[in-house]
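The structure follows.
Residue numbering begins at 1 within each chain, and the chains themselves are lettered A, B and C in the order written.
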Amino acid sequence: MAVKNHNSAVHLGFVWLVVSSTVLFQSSDGHRWKKYPLPKPCRNLVFYFHDVIYNGLNAENATSTLVGAPHGANLTLLAGKDNHFGDMAVFDDPITLDNNFHSPPVGRAQGFYFYDMKNTFSAWLGFTFVLNSTDHRGTITFGGADPILTKHRDISVVGGTGDFLMSRGIATVSTDAYEGDVYFRLCVNITLYECY
Amino acid sequence: MAVKNHNSAVHLGFVWLVVSSTVLFQSSDGHRWKKYPLPKPCRNLVFYFHDVIYNGLNAENATSTLVGAPHGANLTLLAGKDNHFGDMAVFDDPITLDNNFHSPPVGRAQGFYFYDMKNTFSAWLGFTFVLNSTDHRGTITFGGADPILTKHRDISVVGGTGDFLMSRGIATVSTDAYEGDVYFRLCVNITLYECY
Amino acid sequence: MAVKNHNSAVHLGFVWLVVSSTVLFQSSDGHRWKKYPLPKPCRNLVFYFHDVIYNGLNAENATSTLVGAPHGANLTLLAGKDNHFGDMAVFDDPITLDNNFHSPPVGRAQGFYFYDMKNTFSAWLGFTFVLNSTDHRGTITFGGADPILTKHRDISVVGGTGDFLMSRGIATVSTDAYEGDVYFRLCVNITLYECY
């Protein structure tokens, strides 16, 4: 009997799925093209990471460094004009569960960013969260445009390994704090829609 | 009765799906490994983007700049030998719906590329389309090898946000025009196979 | 009759699928969130690629070159301190089916890497396998952290084209050999979970 009930539920659920998909297929045209219903998120994670930019004086504490810069700029200081356009940094930043730089790190954010707009502050990020705590073991890799001055901006999850094998989703990033050209802290709110 | 009909259709569709998948599973070996039938594209988009490379004289109009170069080269001009091997550029290029540089932009193509072959012109691209028009709001991020001299080359869609949340697919890129080392225009024909 | 049998098999398989998914949905909480059962791999591939790093003396044979470096370092030699932190290289490396540098290449590994940790050797990789042999035509793009000193490390497959259209999965990378700062060979064991 239990099995039979399951069977009925299955059929109803399946009918709903197929019918709704079909409807969307049929109405698909240039202006109405969303095909699959968005699955319920399977995981939500919030982390902070902390970037201390090398500025010529903080070699000991810096967690990132410029490795590329446009003509006429140098690798010690962020380019003074054009909103750092063309400055590229490599980083290995601690990840914490709260906004305290001194909290025990649960992993490292490793990757690169570069400033890519002349007329405003905007960047492009490619990086990986390497998590190695009791709660999470694995990596999540992100990539995409980061319009810094926008309060909340979405960046794509492009890959994952370990606990996050083939995860898909987005990260909503916000600048939680910054201190001139020396420090910034990003809050990364990760929503995954496919978890294995 | 309507429900019953739906149920039948569902069963037939489902049988087809499972049977065809099963067959492919069973015949899966080293030489016959395509597992899932390719879904029908859910979206096709064509855009152009325009890259004006800084060459020491066009600071005002340039939309990209060298930020890295190999030993012996400089950041003002593309490396003269080895097909620009090792030159890395950051860009913020206007996206248009047609091949006219002066058409109203519908977004920005932001990212980086580098020349990565000594014996021919070839590049590697990582970039994001940031679309912000009445038709499209969101981002699509791409990555992959770009063998420039091939007429049509495919680059992977690796992520998406907003209207393009978790989109999957490819972009077929072709060089629509170029002027020496100062300007190129790419036509990007995007085919998405998963849309939400 | 055959059809009816198929139908029964379908129902059983489907019930199993939905019931197991449902159970996982229901029990999903902070500590038990794996939602989908991991599909069986659809493809396993093993390749080797060979990186010959430019060191000022091997311009003829080098397959990679530094294009970025931190303040105070140069582009001829890997940075002597801080475990090459901040050194960024672009590469176009031959791919072989075995660990012999002189075997006929089946494609090229093209992309970039940078060293991103001060206190140990660790890198971040973004690259594409461009395969063009009788067995494989297409590209696979990878991205993620590469903790070099770990024997086996997983990197995400982030995209694919051609034979590998929209492939998903991971690559388990191991350093098969290295010679100082001039040569390394990586073994890349690719497991794909979605093939079209």
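Definition applied: contacts are C-beta pairs under 8 Å (C-beta built on N, C-alpha and C of every residue); 3 or more make two chains touch, one makes a residue touch a chain.
Bear in mind that the values here come from a model prediction, so they are computed numbers and not experimental data.
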Based on which chains are in contact, what kind of graph results: line, ring, star, complete or other? complete
Would the interface of subunit B with subunit C count as same or different, where same needs over half of all numbers used to appear in both copies? different
Centre-of-Cα separation between subunit C and subunit B, whole angstrom: 20
Where subunit A touches two or more other chains at once, the residues are 14, 67-68, 88, 126, 143, 158-159
Listed in rising order, subunit A residues that touch subunit B in their complex are 11, 14-15, 18-19, 28, 33-38, 67-71, 85-88, 114-118, 122, 124, 126, 143-145, 147, 154-159, 168-170, 193
Residue ranges of subunit A in contact with subunit C within the complex: 3, 6-7, 9-10, 13-14, 42-43, 54, 56, 65-68, 74-76, 88, 90-92, 108, 110-112, 126-128, 130, 139, 141, 143, 158-162, 165-166, 194-196
